[in-house]
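Have a look at the structure below, then the notes.
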Amino acid sequence: MDIKEIIEATLFAADRPLSITQLQNIFGDMERPERPELVSALTAIANDYQERPIQLQEVASGYRFQIREELSPWVSKLFEERPPKFSRALLETLAIIAYQQPLTRGDIEQIRGVSVSTNIIRTLLDREWVRVVGHKEVPGRPAVYATTRQFLDYFNLKSLDELPPLPSISEVEDVAELMQAPMDAAGPGEQNDEIPS
Amino acid sequence: MDIKEIIEATLFAADRPLSITQLQNIFGDMERPERPELVSALTAIANDYQERPIQLQEVASGYRFQIREELSPWVSKLFEERPPKFSRALLETLAIIAYQQPLTRGDIEQIRGVSVSTNIIRTLLDREWVRVVGHKEVPGRPAVYATTRQFLDYFNLKSLDELPPLPSISEVEDVAELMQAPMDAAGPGEQNDEIPS
Amino acid sequence: MNDIGEPREPPPEPIAVVKGEPLSVAPDDLFIPPDALEVFLEAFEGPLDLLLYLIKRQNIDILDIPVASITHQYVRYIEMMNVLRMELAAEYLVMAAMLTEIKSRFLLPRPVDTEEEDDPHAELVRRLQEYECFKKASEALDVMPRSERDIFEVNVGTETIKVERKEPDVDLKEVVIAFREVLRRAEQVSHHHIQREPLSVRERMANILDRLQSVAQLPFSDLFNRKEGRQGAVVSLLAILELCKDGLIEITQSEPLTALHVRPLTS
């Protein structure tokens, strides 16, 4: 087996860059190639892959094969995960902010009857659907949240007025029934969040 | 960018075998190649690597690049952990499932003549070599096991057909002959009871 | 527990006889150091495996090895395990019983029609053959090229690949349904009062707060937009009053009859 082949195979098998010393250690004491021999093998391998979509790259900790950057637009599809679905807790928080803004996290918690995780708030802020519009003058000065223009844009609304009107509490039951039919036909929300793979 | 290059890069970037369908999905709706086009690209790639220390291999769940087996003595030096050794009990259980699937744990125990430890079944399930494909309609509704694609991938196989054929009964006939022998000879204590080493 | 065949009688008496004797009196040819025996037992995957070993060990002359001999050897191993009080899988004992029964059948004159009842000897031979098939298959499986030992996958750096993170999609209906659920729950749990200002007021409240983020205060009149007409003015006024009530802003006037100002409540 010749040195070049062994080195090429080793570089392909490794899940990290390999230094010249690490490559030398692949070989037994008797057959270990000298540094120059190894370097010229590496050069030859790099040449062989000139025309291929991968290349031998020297990085700080050694040598490794890499995908050529031009192929990123295609190869990246491999790593794109199907977007996850938002949790019920997040949707409720978003809905409460939309209908009851401006309000603090404490207000949201009071309405939901359970605490609101920091993660949910952060997700809504990251997504730019919600922003901090002030701080309430009570101990701790909690942030006051409201929805954003991006929120309206995303849901294709000109203003919050266009959000579907909500019934007063006593009407909830009736309206819930009224809404049931078209909602269920449309699908989202009530059923399983699982996406079949 | 041509299809062959994109596919080659994608196969290199993936950390698992990719099926034809998965490869097709790398492309946008407009540029998605048909199956035959993809297959011929794969053939061309496999040819390009004919002389290299890596090869394009088809296994049960798709195509992957792997190091040519002749080079594994060198390449294995990269990995400090020794490859796992599997116990005879595990291998026997796996072989029985592979050749006799689908079957229950009771069926396996019947063939082996001893109980199968829960650990072995759990290891096989954890490794995703075996999965539960149903339940037998008998009291207790025992799970029915079968092997998975991952099992085939692990053993470098495309399908169960590629498993070596199960030795036929005729090949192990001597057992029958031995047991068939007449009753006359051999009183107690005649043979030496050697301990196998 | 494995069901090894038809119900059998309990293990026959030889085991009990040997059990009674101390280990030192065991016949010389039976003596095996206890640790060796343990190794021995671990080397086998059950009674079929042990039996197969005993048979295979003597395939020099087939005719010389009758069931009686195999049975005898097998039973002696089992007795020894018992003498040494070694943990023994029950399957071994069941097999001993089965062998003894087969042996006793051979000693009795054969019935004329053997077809009628099931023949435990033939059944045992079948099972031994079947087991040997799979034992060989498992040995073959063990030497097949496999990942981690013989097959190594190719790893290529993917640092050059840029991946966009995709955000989950939400349907407006889901938001509405979520809020409906909140209302229903709120009603069930307590009589929590959810205020029901028109959304335009709520939106205006948020806008006013937002504007007050960047400036210390705003003239009261700036919060009204002439173009919005009377209705817009009402919305603004309600929003301001609501914010005051919530303690989020205050309305100030430096002197009587001067312009009103609105500023966020900050200490």
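Note that the chains take the letters A, B and C in the order they are written out, and that residue 1 is the start of every chain.
The criterion applied here is as follows: contacts are C-beta pairs under 8 Å (C-beta built on N, C-alpha and C of every residue); 3 or more make two chains touch, one makes a residue touch a chain.
Here the structure is a predicted model, which means the values were calculated and not measured.
Comparing mean CA positions across the assembly, the chain most remote from chain C is A. Ranked by how close its C-alpha mean sits to the mean of all protein C-alpha atoms, the top chain is C.
In whole angstrom, the spacing between the mean C-alpha positions of chain A and chain C is 27. If you average the Cα atoms of chain A and of chain B, the two centres end up 34 Å apart. Here the CA centre of chain B is 21 Å from the CA centre of chain C. Among all residues of chain A, those that touch two or more other chains are 12-14, 54, 65, 67-68, 71, 75, 78. With touch defined as above, residues shared between interfaces to two or more other chains in chain C number as follows: 152-156, 158, 161. Contact residues on chain B toward chain C in their complex (touch as defined above): 12-13, 15, 54, 64-67, 69, 72, 75-76, 83-84, 86, 88-89, 91-92, 94-96, 98-99, 106, 109-115, 153-156, 163-164, 166-169, 171-196.
Those residues of chain B whose C-beta lies close enough to touch chain A in the complex are 1, 5-6, 8-10, 12-14, 25-27, 48, 52-54, 65, 67-68, 70-71, 74-75, 77-78. On the side of chain C, the complex with chain B involves touching residues 1-4, 27, 29-30, 32, 36-37, 39-40, 43, 45-49, 52-53, 55-59, 62-70, 72-73, 76-77, 89, 91, 95, 106-107, 121, 124-125, 127-142, 144-156, 158, 161. Considering their complex, residues 152-164, 166-187, 189-190, 192, 194-196, 198-200, 202-203, 205-207, 209-210, 212-213, 243, 246-248, 264-267 of chain C touch chain A.
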